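Provided herewith is a single structure, encoded as structure tokens, for subsequent inquiry.
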Amino acid sequence: MTEGLQSARRGAIDPHLSIRHYDADADLMLLHFGPQHPSTHGVFRMDLYLDGEVIVKATPFLGYLHRGVEKLCEKLTYVQQTPVVDKNDYVSPMINEQALNMAFEKLLKLEVPRRARWLRTLLAELQRLASHLLWLGTFTLDLGGALGGGSTLFLHCFRERELILDLFEELTGSRFHYNTHTIGGNRHDLPAGLAAKVEVALAAIAARLGEYEDLSLGHAIFQARTKGVGTLDSDLALELGITGPILRASGVDHDLRRDAPYHAYDELTVNVATEHAGDCFARASVRFAEMRESIRLCRAVLEGLPEGPIAASKAVRLPTAVKIASGQVYVGIEGPRGEIGTFVIAGGDTPTTPYRLKIRAPSMHALAAIPYVMPGATLSDAVAILGSLDPIMGEVDR
Amino acid sequence: MTAWLSALSFLVVSTLVGAGMLVAARILRVRARAAASELKTRTYECGEEPAGMAWMQFHARYYVVALFFVVFDVEAVFLFPWAVVLRELGVGAFIAAVGFVLVLMLGWLYALKKEALQWQ
Amino acid sequence: MGVFSYWIDTARALRTTLRNAFRPPTTVEFPAVIRPRAERYRASFALVDDENGECACVACQACEKICPSQVIKMKSGGKRESPVTGKKRAYADEFVLDLSACMQCELCVQVCNNDAIVMIREPEEPAYTRADLVFDMAHLRDNAHTKTATWANGTRLQEMQEGKKVPKAKPEPKPEPKPEPKPEPKAEPKPPTEGGTP
Amino acid sequence: MSGLVHGAQYAVMIVSSLLAVIAIGIWFERKFAGRMQSRLGPTIVGPVGLLQPLADVVKLLQKEDIVPKDADRALFDLAPLLAVLFSLGAAAVVPFSPTAVAADLDIGVLFILAIGALMVIPTFAAGWASNNKFALLGGMRAVAQSVSYAVPLVLVVMVPVILSGSMRVSEIVTFQSEHHWFAVWPIIPGLPAFALFFIAMLAESNRIPFDIPEAESELVAGITTEYTGAKFVLFYMAEYVHTLVGSAVGAALFLGGWDGPFKPGLHWMVLKTLLLFTAVYWVRWTLLRFRSDQLMDLCWKRLVPIAVGLVFLAAAWVQFVPGAR
Amino acid sequence: MSASIGFGFVAACAVLSALFVVRVKNLVHAALWLGVTLIATAGLYAMLDASFLAGVQVLLYVGGVSVLMIFGVMITRKHDGLVVEAESTSGPRGVFAAVGLFAVLATSIVMTPELDGAVAVETVTARHLGRSLLVDHVLAFEVVSLLLLIAIIGAVVLARRRDHGVERKELPAPRREEVSS
């Protein structure tokens, strides 16, 4: 057994030290895991130092999907940015739009009409459901393989996610680039009969969640693969700025929907699911509980959806329609992966473009856990851990 | 002997299937016009420059597993003649084999207790 | 116990997959069958004619300016007499839309005061080269005749946000033509800046 | 000499029908998996996609042959050929009907096990010769796995040998048709032994939940990472052949082979083999995969002692149950 | 006639591959050539109608021992960046030993009186083996189990020494300036 492995076992590997500190003779095998690898969830690379199959040190490398979205937003006017940020977290575009527009609204001190806020709540919860469905699918794909049970659950999840995308298509006309939020409200109102269709889709998904449990969470192999794997304690999670289901799985009861309510969450009760183990299984079960909670919240929103206007101001007719002279603001909301935030400094070259726009991506912080949780795990575990962190490289690299 | 010859010809036919496939591919397959570039024949390592050769040292537990396999296979090989004559020989043979395997399972228990069967 | 839980869980999982095997598949065999698209579904573009059979676009450049990816380029032909009605109106001489860079955000449709540019529901416009995805005016006008337009046009989108009219659920085959010629957009009063501190 | 001719005749018949069954089997698997996943499976090539496997093979045969420059060329080329040989080889001693057996060896069971044990050679050779880290990891995992699961496999295969008192596969089948199928009676060593055989067979043919060597979410494509074209086809084929032959062996040793109600014969053997084959794929498209250490634990800590126990139960049955002789 | 051609072929395979085992520089290749030698030997057994022995030979030696060899090669030393190579340093001595062994064996075969002329070969099946093992040589049968037990214990000790017997260097205290690459 090499020194490095012993240190990894003891949890004594310091990710800030060079591998040479532990492995002076370069006995370990360096394996480039990614960027072109089936289970790195996009283009992401980890340099794994392996002793046999056990990881001694893992170094994440980012930036393969960098597209300069923040810089682009500084060049575009406020009203043009919404469709651009859709592509950040490409699994939950709705939440991106909301986080962005809420920041501008806060700068403008704009009151969003009640119906719009409820509508946004509905969209956010549906999006969270869709996002968690995709996570479950890809996570089991990592555990079970594209030519096996993993892909079965993967396609089942996509089948149900499709129902939600169909709803979004009916509402906004698009399955991905929604561009349905605007500064001060929404651009699209519910078409007639959509509320009933939402009910139908929710019922279908709720009925299938039990099946997913049979194939994943409730199955002994899934439990064997995830329990005690990639344990992240709450102190480290907080120190790394990890939020969302991963933090809640480590035992920190924190959810912006309840703790700093926005949208219609102040009028609804949000039950926050937490686990204490902090391992992959805990993260999975937190997300499962969140799916159930999202279904409940969607139903509650549909029940209490108020009538009224859906936007606070006139529809945009010019790119320069919104002007913000100065000011800076940070708005964070609870996305499917944690706190997704927008920090804006207004008052650039022109009053219609921001001086600086920074997006806080929860996945980025989740990836920061990799050097800490990987050592001591096997190559197979690495895949499970990465899947349970649920990184979306689009928002990590932006 | 005859049966062995049949088995031999079966194996030869099996090989011919594979070889035929390779020959068919030689006829059918596309050939690159230019010589294969360095990039094309580079070992795959997720699109990165491969870090060193793959032929590296493995953990000793692989060896231990193979050792256990050999021991248990030898046991099985001794049991096969016993298995075929069990009907004829009666209780004595049964007890002899039970003793034989129990001694071996003692070794198994020892290995279990000393965690030698632990893969990691 | 451990071993038995594997058997029980596996049996349950096998039952689940078998049950799914007897459900109707959700696949739609795409080129042969095209699943119905929502009436707001937005894919490609069309330039709509007005009631006189002329292109409704007056080259006001509102869409060109709002487009975040700057895929629309147009050239104004200036004001001239309409050969049909004899009244003076503005025309667009050239209108080029690069679909390969478009992200279907619908902002151009929303800002069009003449309801000239609309989106259509058929995305089936594949091309072999990127240049083939750059649509000229003729192609866009042709789309208006041969393909189904979405529910949305500028007026409707604006009205929906401003709450003037409850949006109709029923789609109409063609966008409503605008009877009176639109004034030059430059002349239009600037929309109020929404709450911004100038 | 007559043995050679006889063997060659039957080999051609058996091998060609096995390959035909595999072509249909791949189609069936893809359809079945498709339906389990709410998909349609192949539909385009041929009626209801029946020609899809053929189209795939022809497509793959046309692919350019790329050999990595750091590879061990000779072994790299040899490995797929050996894989096909050793996966097909075990079929030589399997009786598909009372007469359709290529080589009725008196040590048939041992022959099957020996050929199965040889399968580690091409697996390792492919992994090592590619000089690819993923391939080597996959190859080493595969060898360790198949060597481990060979132990319970050898032991459970002994159960029908003890019960029937012969190592000749056709005699085992005959014994079953005269008494009961071993998976049915004696139910206590019989059925668990069959279950264990099924598990070990899944592991030996690297099927989920034991598909460690080509765990594509971890090892990209495992030992086949660097293989293209025809050589990949051979590995792909070997995998299916291995499963099919394993199913046939299971049907012969535990399910009574060609025996069946109404009219015993080839059709029963084919039916049982295909049922087992289907079961493998049903499991494959349902379960997730184990981790390599869990696999080893399962084998050495659970399956081996259970298998030893089953051997003694079978021996005790033969010894002490009146009428078993 | 044909039998002797077959014998010649298989024997040549065995001898040639054995030569390769010794002469090939790549250790993995040597291990695989050893597999060929063992298979050829199994072929010889099969030709002698010793079916059981042939099967055991393949199962145990090719499936087990050559895997053991391969694993032995894979774990023995680090060879990052170079092909495993081994050069025999005792060629002449090896030749001498081989010739000597051959001489002894050949002499004893030639001297054996029963081998004069054809001997009726009785086919030995597993059944015969079983009877002789469990009736005539029960004690040996049991002793074999003790031998295997010792082998298991040896393997366990090997596995454990590898993990715990190695002397550990104390790690120096981490220094912050060694920032990761």
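Going in written order, the chains are labelled A, B, C, D and E, and every chain counts its residues from 1.
Convention: contacts are C-beta pairs under 8 Å (C-beta built on N, C-alpha and C of every residue); 3 or more make two chains touch, one makes a residue touch a chain.
Since the model is a prediction, treat every value here as computed from it, not as a measurement.
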(Q) Taking touch as defined above, what minimum step count separates subunit A and subunit C? (A) 1
Q. Taking each chain's centre as the mean of its Cα atoms, which chain lies farthest from subunit A?
A. E
Q) So which chain is the furthest away from subunit C, centre to centre on CA atoms? A) E
(Q) Could you work out how far the Cα centre of subunit A sits from that of subunit E, in whole Å? (A) 56
**Q.** Euclidean distance of C-alpha centroids - subunit A vs subunit D, Å
**A.** 43
(Q) For subunit B versus subunit E, what separation do you get between their C-alpha means, in angstrom? (A) 15
**Q.** Junction residues of subunit D, two or more chains touched
**A.** 1, 36-39, 105-106, 110-111, 128, 133, 140, 143, 147, 150, 154, 167, 220, 285-287, 292-293
Q | For subunit A, residues that touch 2 or more chains besides their own | A | 27, 29, 31, 37, 149, 152, 156, 159, 215, 219, 221, 378
Q) For subunit B, which residues are shared contacts with two or more other chains? A) 1, 4, 45-46, 50, 52-53, 55-59, 61-62, 65-66, 68-69, 73, 80, 83-85, 97, 101, 108, 120
Q: Spell out the part of subunit C that touches subunit D in their complex, as residue ranges.
A: 3, 10, 13-14, 16-18, 20-23, 25-27, 29
(Q) For a test of understanding, state which residues of subunit E touch subunit D in their complex under the given definition. (A) 2, 26, 28-29, 32, 35, 51-52, 54-56, 58-59, 62-64, 66-67, 70-71, 74, 125-126
Q) Which residues, counting only subunit A, touch subunit D once they are in their complex? A) 29, 31, 37-39, 53, 140-152, 155-156, 159, 215-216, 219, 221-222, 224-225, 378-383
Q. Taking the complex as given, what residues does subunit B use to touch subunit A?
A. 45-52, 56-59, 61, 120
Q) Within the complex, which stretch of subunit C touches subunit A? A) 2, 5-6, 9-10, 12-13, 15-17, 19-20, 26, 37-42, 62, 65-66, 68, 103-107, 110-111, 113, 119, 150-152, 157-158, 160-163, 167, 169, 190-198
